[in-house]
């Protein structure tokens, strides 16, 4: 079954011959290996541009910020999967990545889109007043019973310590501050609209600093995803020598209740 | 159903409280965000140690070397998956990672284990003669019709350009050369045993340089896996604006043949 | 990090002791193994009810209808994945399933929701006139540049042969015809609204017959997913003895074009 | 990068035209939809043969036997994944399937291979004495510290109730008894060799009955995989209306201990 049009397979990312590999117009072996760090290479792969000093610092800083947070559900799912299928580490990594969805790690992207929406509505409907636009957008989300992505955190209730750290880096390296400021404006209007303090979390800080260095909004979801793979591999490497995968599942099993129909004897 | 023993859930990787996140004994926000690059953080997560200058250079260089190589099968599988399920980028990334198996990207790990095996057999059975041990191990692999992992490449037939680049970085930054030398010894005995030149590829060069900076052999498979996620995200970001996912599948469909039983009418 | 409320782990699906396994109130070994076919068991697992004769026939028929359709993208992705990672069949199956997304196999669910929406709007806004409601809903989808899920097919342009087969079974076994009729009403209004014939495909026929036997709308997506796993396993079993996985990828590679920046020498 | 030879894409499983879909030489709409149950169709897809009465009964019975067993690790991993990524049910199903590995659900295949090995060694080295061959193979596994796949169960310590149920069906429908008998012979020698009773579990009973009806040994792993997808979909459908996914993870988080380096202040 053929789906869609015939298109010649093509990519602007790389090409290769027997003698060399070209990535984004650079010779991989001559220009890149040993010349740039992996975070910078991710930026180059995505955008086709070498990151400037600010972009380099912030791509690396955001991935360091979001990579690891203990036995989160995706690390537990991955460790259970490795315990059941120890020969296929790639399967356990994949199981962990599949938890990078709209609820848990997708907020970096949805918060980024929120910033662009507030900015656009400020221009189109509020004479450039960002605070008025933020109030209007948050009120709209609230009325549709949606959360404000990137605000509030189940553990870091008064302040997510990663936010100040990322904003400090952004200021220090000269990253654009427009979305940092916008992220704070949104934080400030949330209590007015909702009656609750919901301090910004790392998932809003990530687009706040990255959109200021021309990181593409469409790839924002890739930042927590790539970062978490580093954490998943560390947890799975630990699982191989110090396993807790089945034990994690046993905790639930020990307490489980059957709420279905009783069996008829 | 309970499987295995009851064990208290535990990890040596990180812990957190409302005020801070601790990773490998360091305060994430104070000591790590903005202080180290993402490649170094991966080394820290895995090993609990900050990489020294050589380890930092080589972890980053190996991931840059292995991340991207065009429309490889896993990038095609991922792009087809995104075309079919565009709302779930994490699913497309997972589909791509699942191709990091024994045949394609697993050779970094199996080549690393090969080096350790040759080293061990040299000590135990060949009076320390690495070349004799290499000859013996390659002969054994050959007799069991197994490939020598990390040697030979379908495209880079005379030399994989990433090998020299990685070895140059290793020499420049002062990485341990023991496994670099061993990798060349194995390369030199392969024609004697098999009658064919099979030049080393990047998957042997990765453990050759990383084992020299105390990167754990059990986590070698994680290097291509983490690296390829960067490439997958770049390809999927390109797929969103310049789709070829279904077209990739159509090329095969257009030429497919049915080799089964003819239908009876 | 704790997310959400503490809830005692529970399920209404099954429980077990050393002596027996209870599924939906039945003793698995005494009441189910050897007593019912696998399609019926799927219905029981999902709904807690044994299917009646019509539901049994239609659950099985729909899964037979949707399971296999040749070298579709998800089968290609799975075969490429097995070629790269032959030791982990579960990974190749997972890669294939990840293509069961909104564009390709999700239409069974979205078409089912479309039927319920037309039914609800007929009652609330059109005095029970299904055709008027169908016209209004299709017009609305059209105006938002959305497709009508379950209508039109890239290969079966005049009629998807699986539709008539499923409707014949439904009539023969006495399944409820309400949604069958509604699916035809929608088919009839599409040319009026869009100017194009878009004959119903199997993804609309599946909810049309299943909603008539009380199959839960929330689980409709599970029908193509479970069915396709049977196909994936057959393709992967074929791949083991008659491999085409890498060849599928080579077809695209042979023709690929690099559309990026030329390298500077 | 091209890997392997150029091969024309082909499959013996199915082909299609605008008017019809042919599966294994049968017209899908005319010969299969509404004519056979889904379990039988799985057998046809895999083998190219319609199952006889015994094969039909046993393929369905084995999938009913293995599909569901409560909050096993893979169901927990899937429910956690859906909680984190509720928009992508296919991702949660994939995460669950990735736990169908060598330790947990792979034993159907490895037990089947064990039976064939014992049978082959009886012929080649023990003059046809199955018991002697079984004793020799179990002794060998034991000496290499490997488990005997399909024997012993963490919950069903004295007898797995699914075994007798499957064997009863096999006898009733006239399935071949050769591997049933062999499975009991192996069970009988285990206490001699290991000093422990390890009663057969469902994963040995599955190949015992399926190899007797010409189910291909290479596809045995597919039986628990396909079966568990039915269970996964039922658990995920339950998760949507009665969520426990995050709560499952919280149980472990509440008790977790940090065993790493203390932070230096």
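The chains carry the letters A, B, C and D, assigned in the order they are written, with residues numbered from 1 in each.
Everything that follows uses one rule, which is that a residue touches a chain if its C-beta (ideal position, glycine included) is under 8 Å from a C-beta of that chain, and two chains touch if they have at least 3 such contacts.
None of the values given here were measured: they were computed from a predicted structure.
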Determine which of the two chain pairs, A-B or B-D, is joined by the larger number of C-beta pairs in contact.
A-B
Given that chain C and chain D are copies and touch, would you call their interface same or different according to whether over half of its residue numbers are shared?
same
Centroid comparison with chain A (C-alpha atoms), farthest chain
D
Chain pair among B-C, A-C or C-D whose interface repeats that of A-D, sharing over half of the contact pairs by residue number
B-C
Suppose each chain is reduced to the average of its Cα coordinates; what separation in Å results between chain B and chain D?
30
With chain centres taken as the means of their Cα atoms, state the distance from chain A to chain B in Å.
23
Residues of chain D engaged with two or more neighbouring chains
1-4, 8-16, 69-73, 83, 85, 87-88, 90-91, 94-95, 98-101, 104, 155, 246, 248-249, 251-253, 255-256
Given which chains touch which, is the overall layout a line, a ring, a star, complete, or other?
complete
Under the touch definition given earlier, write down the residues of chain C that touch chain D in their complex.
1-21, 23, 28-30, 32-34, 36-39, 41-42, 45-46, 57, 59-61, 63-65, 67-71, 83, 88-91, 93-95, 97-101, 155-158, 161-162, 164-166, 168-169, 172, 216, 218-219, 221-222, 225-227, 229-231, 233-238, 240-244, 246-251, 253-254
Chain C partner, complex, touching residues on chain A are 1-4, 8-15, 22, 24-27, 48, 69-70, 72-73, 85, 87-88, 90-91, 94, 104, 154-155, 252-253, 255-264
Within their complex, state which residues of chain B touch chain C.
1, 16, 70-74, 76-78, 80-81, 83-88, 91-92, 94-95, 98-106, 245-246, 248-249, 251-253, 255-256
